[in-house]
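Each of the next two complexes has chain A plus one other chain: chain B in the first, chain C in the second.
And now, the complex of A and B:
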């Protein structure tokens, strides 16, 4: 039954986009955006970045639909030629490994900060990678099914936490709008774009969708959901804690959760739920990029998916070990984000343009298939 | 290995005597015309069996001989006497008034014997098989054909209430150990011409009869074919109970989750068949297997459908809560007590710490001691005769609950948690999934003891990973949750009112999806 490959439902694509995009980035996004924008309306940058991602995503879906039944790792060689295609794929694979390592590191940082102060981080990383690999061995369908199971848990707890933390929301904290004009907002778009990394899963899933025509709709649903959540997180964080406070916090979103107090409530500390959500969302992001890296290798080089999956594990682990301290982890996070601007946004557009110019014949042939 | 083809080769060398020869189904042995040589042939196979009866009949004043062969009491002696022997002797016993010449076997079969004749054969091995099925073989001198009459006569037990799956509003009948009776129980509930019964004979030595029942107009033909393929592939010498078949046909052996459902309730089985599933009935087993099975089926009880929907929905939600409790509660407690006191309310921490005052074990060991004790008690309760089993429960409960707490070995909070967990795991309708939960609980407690909450979440992720990889006959085990199907959610966490359940589960990809009405 291991080779059994079902089609992917539209809903699964939506949830996959959500699961991959919501990851480690959301923990620190408020601080990063506020640092660049320096005004309380930083959340508008996040919103704009979301809209920009949707445009990039739409182009990606158009690109994928020109080569039905094939993933980007397969058709990129046709778009830009075998040599450049292989190079581009290899860079993408390295990038996914890089994100996977980063997510692993962030997870171990959070766990050792909030849960297990004395357990060595290396042990946490290894168990985490191992659990994800156990899931990833099954291939794309079990991974997407797992996302579907986690989705309601994450969304309910996330929305619940956001609503509960609204109690201390001060409207004065988010005013004024456009206080310094639009220029700082546009600067902020660059840094907030980075948290939308992860929608790339559609480059692979579109190929196996039940109804490939729905790819666009599913992607949009997923991106709208993530944009709303990202914007809400930044907006509420600013509204509750003000931008001056946010700048000094390592994990602003988790500090937001610490503010929750429910009168008459039995639970005093809502961090428990927060940690559970973030462990799961980091796990889903990790799982997605790990799968993308492995599937990329298996479709480009003569290596089986399963072997590729195991082969990348040491590299993921090594990447996770690179930063020396939390500061370096955050630098790494920005690096991941800016690499994504190239790989996740520019390259698909470039590919689409090249494909449109060069490949009407090829696209046509692929459609006939 | 149980499945070893041609294991029988060389069997004859091990049993050198002529008597007690085994039937080789690959080589047919044919009956002869002479009765004495037929008996000699038959004797090779059955003479060692003291309970095989050869009843000789002298026809036409002793001019012609015949013999009836059957197993004493496996075949009903009275009906043999009444429906076979008496009519034959009445018609052919005396030569007077009978047409000249030897008795013709066709006439005897068609117009003399009143017992039902199932088959006519010229193969010896078939005769032997029929004898051991409880039928009677009739061999006439001068004919190389044998007649086989159905005369099964063994007693089956009276049906009981379904002990393993009691229900409040459901019917009280249950399956018993006879295949025919069980088929009747299902047929009585579905009077549809589409109800198909396919029979198989499994087990080289037990020749167990297995029946597969499904609605041919409804069930997905692919699943039917797949099941047929898997059943015919079974190559073993014995099928003692339906559990044997379950283990041969299940998709994945490396999981704690059962992928085949069993039931001793005819109503549940009929409902499953009507949903488009397939039932596998096995002779000598009161448990019927139902495939394909998904996880949510284990949480559904027949009463869910007999009671009104609000009540059923409420109960079902309670069951899901029970599953979560039985999986995670002790692990949660262990992780909070030993790692993250900061995450629980201060008053609760102080209370829990006070009750743990002087307990010599860490929380993990404490939980494991209690859980293992509980498992031992439960197992003892199951294996012992009923009357003693209850005593074990009382003694165990008192000793564990009272004495252990008083002695300061375990904390009272732990006793409460373990008890709640146990009760929760028993509230799951299907026993087999309860076992899965209990095994996983140990795993999760252990993860919690080593890695705290992180371990609990990782264990949860691993369990989900396992669940999402499972399939039962090509069906996703976690459907309709993953892949999500809105239509099937009507019967998942909530159960909508009957008029709203217009369609059969989509997951099954049935041929006929409509249950009610013409339109959606």
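And now, the complex of A and C:
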């Protein structure tokens, strides 16, 4: 399946970008950024990283629009030749499987920490993978529909939780700006870029958009939204927790939620909402990357989409089992991020440059005809 | 068709055999822990005793007869060296599984706070996922567990009584502003000393004064008395509707006003490596008690005089507090360090390890500006 005739609306692309980017990374991003930057203005790095991602995203859309109706898995062979193209595609597929495994592991870590303490993690992972697979069988459209359904729930709960935690926000905790100069902030951009992994869905969706010209606009809407959310999460976590405490927190965002207290005791435990949000966010991210991996396989190798989907399941599960402890899970998280720097940022730029050089010749020939 | 039937049958069988709930907890089977007391075990340096207060649902529910058939709470104690192990050991003595998600109050006795590392304690508790960051920490002057076994008059159980007392903010600033586990963790992580509420036992449970825990050794340094605590609350801008009394200059009559900190600001001045601070506080209040025979609260001149006198009195008390913090304890529990960090980050990174010494020598200028808004329902006496 992986129905290529189905069309995709601009709004769906925006939501898809949001759903894929907001995933496991946001749980730990504050600690990672603060650890590298070491100053209270670490959130600026997150903002800058968002802007950088937008530039990379814009280039990707320009690239995709040069090959209308085809996904990156199809046109990459034309850009860099069949051999390198296939190699590049295979690496991308492995990368998506890697992310899928990582998201599965993070989900099981959170659920077993906060919700189901005695349920074996393997059971959690297998259940999760199977549910996502059931949804992914239908191809791109059911997946995007699911994103559309989850999107308002995530946004409302997320914004609600951020607003509630503002009660304990101390402005003195985020001052001063540029207190240690701009260099640490630039270092922080590197580690905060990793949370923007996931916009790659546009490499595939642009091909099937109703109006491919809108791809750029939808991408930007999605990325602006995610940049705002990511920056707000880091800013508020620093404002509430202060940088010294963040370094001690395994899941800073979850501890932020634990700080929420409303007098009157209407609801005491806000962790519940937090778990709902992040189970959904991780689920949508997983669904997206699982789909990308399967589509990649079906368009590169003589395998049907549906079979590819089932074929990658054991690999996803194996990847999820690799880390021995929580520390290794976090290392795996940074590994995902840094791989993305290559695949999500550098490769599209390279492809665009090569495509521009080669494409010009072609355009010339087309005119002569 | 046959294959379908077989698979459906298999699925149904699987559904029944594999259905499981590893994490099933019936609410009635949980032992909700609402308070915890930490005491030092007598005769041992490292061991401490933990007492937890469980809710007894049968006692909370009012039976039809109108009589409570049992107490609303019960306390259990265990001793040990490891915090987590001791908590887990409650399984041995409790018929219900202890659940710490509703832990509200943690009372540490003076003896225990002097000997155990409070930061390690806070850190270990918070690492345990069930313990909420919002549980309030208090230091008791006497034995902590005895506070949890005193039958309360108004509330169902001692933990609730203390919790209500801790969270009420209006009325007085003689008790230190509440501090939770999360607040302590934040301050200790930054290497800051922290002042927490002190609980003592007089005729009833009383929350007055503050206990100062050092940000270096994480041990109890000592207590601030009520007056000093009041000064500290004003410094931190935490006073919500408290009151202050003075004697009028000319007649010596007592005049009392309410007091509400409207604005407070700490400005650091960094000059040639010497750090000084300027504290400006704007407070507001009504005249509530006036024993003066001659004066009239309608007269604005009289009010202006009172304002100056109250401002001076507040300044004096704040200076007393600062004296105790700087000379006696060398502990910056009024968060002057935060203002330094937010002004000059690089300097702060250099001096933060010696902050307690720098703070104890810093010049601090306090400026209080008190305004009366007027008086309550009656004009002159």
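Methods note: the second predicted complex is superposed on the first by the 354 of 369 C-alpha atoms of A that agree within 3 Å, B and C clash if a C-alpha of one lies under 4 Å from a C-alpha of the other, contacts with A are read in each partner's own complex, and residues count from 1 in each chain.
Just so it is clear, a contact is a pair of C-beta atoms (placed from the backbone, for glycine too) under 8 Å apart; a residue touches a chain by one contact, two chains touch by 3 or more.
Treat the numbers as computed from the prediction; the structure is a model and nothing was measured.
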Please work out whether A:175 is in contact with chain B alone, chain C alone, both, or neither, and reply first, second, both or neither. second
With both complexes overlaid on chain A, does A:283 touch chain B (first), chain C (second), both or neither? first
Just checking: does A:272 make contact with chain B only, chain C only, both, or neither of them? Give me first, second, both or neither. first
In the overlaid three-chain picture, which partner chain does A:82 touch, first (chain B) or second (chain C), both, or neither? neither
On the A-aligned overlay, A:138 touches which partner chain: chain B = first, chain C = second, or both, or neither? first
Contacts for A:261 in the overlay, against chain B (first) and chain C (second): which applies, first, second, both or neither? second
Contacts for A:244 in the overlay, against chain B (first) and chain C (second): which applies, first, second, both or neither? second
In this superposition, which partner touches a larger number of chain A residues, chain B or chain C? B
With the two complexes superposed on chain A, say which partner A:128 touches: chain B (first), chain C (second), both, or neither. first
Taking the superposition as given, does A:342 touch the first partner, chain B, the second, chain C, both, or neither? neither
On chain A, what residues does chain B touch that chain C touches as well? 115-116, 119, 268-269
List the residues on chain C that touch chain A in their complex, please. 22-23, 101-102, 123, 129, 132-134, 167, 182, 185-186, 189-191, 338-339, 341-346, 349
Spell out the part of chain A that touches chain C in their complex, as residue ranges. 39-40, 113-120, 172-173, 175-176, 179-180, 241-242, 244-245, 247-248, 255, 258-259, 261, 263, 268-269
Listed in rising order, chain B residues that touch chain A in their complex are 251-252, 339-340, 342-346, 451-454, 457-458, 461-462, 464-465, 467-469, 471, 474, 476, 478, 481-484
Complex interface listing, chain A residues touching chain B: 1, 4, 6, 9, 11-12, 111, 115-116, 119, 124, 127-128, 131-132, 134-135, 137-138, 141-146, 148-150, 266-269, 271-272, 275-276, 279-280, 283
